[in-house]
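Order of writing sets the chain letters: A, B, C and D. Residues in each chain are counted from 1.
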Amino acid sequence: MPVPAPNLYPPFNIVRLSHVAFTVTDLSAARRFYADTLGLQVTHEDDTTIALRALEERNHHCILLTKGDEPRSSALSFKLYDTPDLDRAAAFFEGRGLPVAWVERPYQGRTLATQDPHGLPLEFYVSMDRLEPIHQQYARYHGVRPLRIDHFNAFSPNVDESVAFYNEIGFRVTEYTEDEESGKLWAAWTHRKGGVHDIAFTNGTGPRLHHTAFWAATPLHIIDLLDLMSTTGYLDNIERGPGRHGISNAFFLYVRDPDGHRIELYTSDYQTVDPDHEPIKWDLKDPQRQTLWGAPAPRSWFEEGTLFHGVTPRAPELAAQPIVAP
Amino acid sequence: MPVPAPNLYPPFNIVRLSHVAFTVTDLSAARRFYADTLGLQVTHEDDTTIALRALEERNHHCILLTKGDEPRSSALSFKLYDTPDLDRAAAFFEGRGLPVAWVERPYQGRTLATQDPHGLPLEFYVSMDRLEPIHQQYARYHGVRPLRIDHFNAFSPNVDESVAFYNEIGFRVTEYTEDEESGKLWAAWTHRKGGVHDIAFTNGTGPRLHHTAFWAATPLHIIDLLDLMSTTGYLDNIERGPGRHGISNAFFLYVRDPDGHRIELYTSDYQTVDPDHEPIKWDLKDPQRQTLWGAPAPRSWFEEGTLFHGVTPRAPELAAQPIVAP
Amino acid sequence: MPVPAPNLYPPFNIVRLSHVAFTVTDLSAARRFYADTLGLQVTHEDDTTIALRALEERNHHCILLTKGDEPRSSALSFKLYDTPDLDRAAAFFEGRGLPVAWVERPYQGRTLATQDPHGLPLEFYVSMDRLEPIHQQYARYHGVRPLRIDHFNAFSPNVDESVAFYNEIGFRVTEYTEDEESGKLWAAWTHRKGGVHDIAFTNGTGPRLHHTAFWAATPLHIIDLLDLMSTTGYLDNIERGPGRHGISNAFFLYVRDPDGHRIELYTSDYQTVDPDHEPIKWDLKDPQRQTLWGAPAPRSWFEEGTLFHGVTPRAPELAAQPIVAP
Amino acid sequence: MPVPAPNLYPPFNIVRLSHVAFTVTDLSAARRFYADTLGLQVTHEDDTTIALRALEERNHHCILLTKGDEPRSSALSFKLYDTPDLDRAAAFFEGRGLPVAWVERPYQGRTLATQDPHGLPLEFYVSMDRLEPIHQQYARYHGVRPLRIDHFNAFSPNVDESVAFYNEIGFRVTEYTEDEESGKLWAAWTHRKGGVHDIAFTNGTGPRLHHTAFWAATPLHIIDLLDLMSTTGYLDNIERGPGRHGISNAFFLYVRDPDGHRIELYTSDYQTVDPDHEPIKWDLKDPQRQTLWGAPAPRSWFEEGTLFHGVTPRAPELAAQPIVAP
């Protein structure tokens, strides 16, 4: 098995993924998409930025939109368990020769900015402004009724390397796809918070962000979003789905925001809190790993992703993904 | 069996229930309830009236609210099949010595106003203004996402008499409750349009309107309405449910509008278009006829109803309903 | 508008579609599919035939499987309103020079066998054996929990001719697709029982049966069927969906039985009982008419269908359907 | 605020609740209830015991039934993170003067048996036999389609004491009810695995087990169970619901097994993994804390619970719960 044993005592304690920062070219178009259509709640808004949270979140935001010239992401952010974890994290990344900086972030305490070995920008913090609960303010529920940010998925030029690194900092593999011929990992799903993933890696030109996922309560809410998007001018923003993933067992839909950032609406994966939870292996040749029901994904889904600011991705060492789709 | 054989060739052809007219004491409160909370669509609005339709309806309205001093209903309206049916209906009611008048109704063609033998005000018409479809304008969907008016339920002082009369004009019984001791009908559900009922009758001081029901797509939409009402100031308007009726097999919720008019949200009864569809008999002593899952209805549900303008109800000949509830 | 005005006074009264008869090559494989997987209830079974009904039906069967050498359908059956309608129907078809025969059918009263002008075999009856209700025997519910047969869809070599004929016998058009260039009908949905259709016609080599549809309560039940079929050896039997049709607004899934007969699982279309219900027109070039959310149908869906015993279909006069799919 | 600050560094690491052991008086009746009706999967069965797991679980069992003379529970079991946590736990409980024993449990590694300060029997282990995943064997799904054990709820004679103790061993309070007059805790929900609770405590004669909850995917699955139970002889086993809790925001149903052990079916609470997640306070006088929609619970729900083998409960110090119900 190419998946490393879980590291039960990582050098610092990551609680969960926290938020993503996107550069968007048209703030009002982005607001219509994320707030009016998806149903995220605006928690801050000015001429250059919009912050949003999902309905059961107390953190100030799970997505931060900044106006800019090109669609990019600046970093993927993760919440740490306690104050000492920040310095432990800094020491760990420094020890690996990775860049470390302490940065100011709105609504957030002390924040560490760094990168993974492929250059993927990561940020870590312990405390963010906490807001009053709104999950029982049902008049706010609309769109897909997004409940929380669920996970990131990133293209990696070498998934074995990504998994080795994230495993070392405590991410545990729940499912993975192996290229039977080379014995190498094609993709892997790794978690901290007890679901199938906080972050997944897929073979491809990277680092690039493949998608950011939000949790919806049931498949019916995702069907509602399809009905809404297809009758309010967002038909071309529907990229793939609905369907059930073989991997993760989740019901899914992929849509693109007005700048092309890919968003997944996701529900009904499973609990993975046991530290001895056994990862599930899939064969790269099994089309049901992608869609249990057999429908292929479109070419764009395999090829397109969000660039990170200032990071030049490199081609993967394994050949391009064997696309089943037309 | 106390239920008469269906009259396959009634004297005139009723298509379905059409709409209810309510007098409400506060139009803006009623608007907040019916439009903002239930999710009906306003099709006309002025200082004294509001008309609303449900999301898949093409008729101008299924409910007409008029400002007045006391909560009342002025009539229950039914759509006839074709123009000749109007004169046939008038002749039939005249032949029974029941009052017949031709009245003007907004957005509606020639309209016959009459009464059933107990004095329940009925109106019949063939044509109402037709509006553009909105059922694929998903941005309009909110509240319980009401799709169409489904049925009326009325208190009758003598259900055997009501069933005999409505059977004669073509309503077919789908289910009924018999008082085993007297052999008399306690309640009956009768239809024209192919569901469990267009109008039901229940033993009680009548004629009074027990409730008007709207069809929702699934139980989840009714749960959404409960969440919304209980967190937007309508907690006390929730009267009974959610539950599944034994009779009709429908998933239900009963709520009261700000004036006390009772509205049912209803889904998943069954198709009854076969003219030889056999009615289902329930024993008055079987509590599952009301709620398949066993929960009792509150006292108000058995006792309260909407008066019709100018109609004094009389007490039923059978004793008051054996209330199972506290 | 190429759609004829509805015939409010047809020569005989058709209540609804009733059942389909299929020849299947392997009865036990068909039983596993229809009973064990879809969840239909076996009401008769012997060495050569299986009869099934859906969960809310009282009629003895909605589908009749007979063992044979080749996958075929022998006829589409419809229920008439009353005994005199049988002779009226016979007179009507004779008047058109169409073949008329009185045939014996199991569990069924007097039965008329005939054909439409293109040779599509039709059967009409008034009474079929009625069974006890099982819709509240919830222990029986499994698979997609099919509630009732909903409609047929047939390839027609000339949809204008089909619509003209079925309109004459009382079917009313609810939605249709027009080929804007020729002004001809490409497809039309026509009903008797108050939903979007009892039978639809699509341009293609015909007469052939495109599919038979069963009603499920909600999209979640259809998702359950996808999960079940894709993990019990029926992955390749999933042909198209899930999705929402633009036309009919229904949530759908198309699957193939072991002999290739196409079955649709269908839910949430709308009520059409008003005789003045206005048909909705769709442009052949609008891809959302097929799938509101934009996903194309596979080629097989446009081309394949079930032959009727002894009937040689002919090519349509309009060019083959412009397939959007790969 | 009477709720202690979370203990971020507890003396040993509890991952989650694991399983409950019930004594039942009729094994075959219990099997019909848990396996045939709820839909749990039997993983072991002999003349005296039945072990079951839910559909997404890999652990050998989440419930262990043993035949006996009286309905009892022998212990509530929790999974620890790693081997050293066992000895740390033993040392902690010994240090409190609580009984500690190493016991043999089927399918389980080294197991510590102890009690909380009120005498509630607890067991801790690190490893249990792991089984192959079955969550994508959809042919197994039936009943309420239970996905995993979710939480315990116990009567406590002093909730402040219970919360203080469980907080010390790492359980974090997510919601609580305060008796405004005495300033004491009436009830509290505490978690380890990132949902609203692994174990909750309610004021009452204790220690007794109030209920054990299983997670279902959506409210529709819980409605399915109501339909099934009410038509297969389990009508009287339905105790309370369906409804939405104010506390936890979960959709719920309470049923009783044939011996009276109370089982909750539970879905859609929220994620609480953040160590700085702020608990929500409810006033004992607010009826919406129990049911957001206002329906009261029956008296049995407030009074009845499962005794633990050999443990005599004592009356609470606070007066009996102010029952809103009849």
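Keep this in mind: a contact is a pair of C-beta atoms (placed from the backbone, for glycine too) under 8 Å apart; a residue touches a chain by one contact, two chains touch by 3 or more.
Quantities reported herein were computed from a predicted structural model and do not represent experimental measurements.
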item: Pair with more cross-chain C-beta pairs in contact, given C-D and B-D; value: B-D
item: Most widely separated chain from chain C, with each centre as the mean of CA atoms; value: D
item: Chain A and chain D: spacing of chain centres that average the CA atoms, whole Å; value: 32
item: Separation of chain B from chain D, taking each centre as the mean of its C-alpha atoms, in whole Å; value: 44
item: Centroid distance [mean C-alpha coordinates] between chain D and chain C, Å; value: 50
item: Junction residues of chain A, two or more chains touched; value: 136, 218, 220, 227, 230-231, 292
item: Chain C-touching residues of chain B, taken from the complex the two chains share; value: 8, 15-16, 56, 58-59, 79, 81-82, 127, 130, 133, 135-136, 147-148, 193-194, 217-218, 220, 246, 249, 268, 270-271, 273-278, 280, 292
item: Residue ranges of chain B in contact with chain D within the complex; value: 218-220, 223, 226-227, 229-231, 235-236, 238, 242, 244, 251, 288, 292-294, 326
item: Residues on chain A engaged by chain B in the complex (per definition of touch); value: 136-139, 141-142, 218, 220, 224, 227-228, 230-232
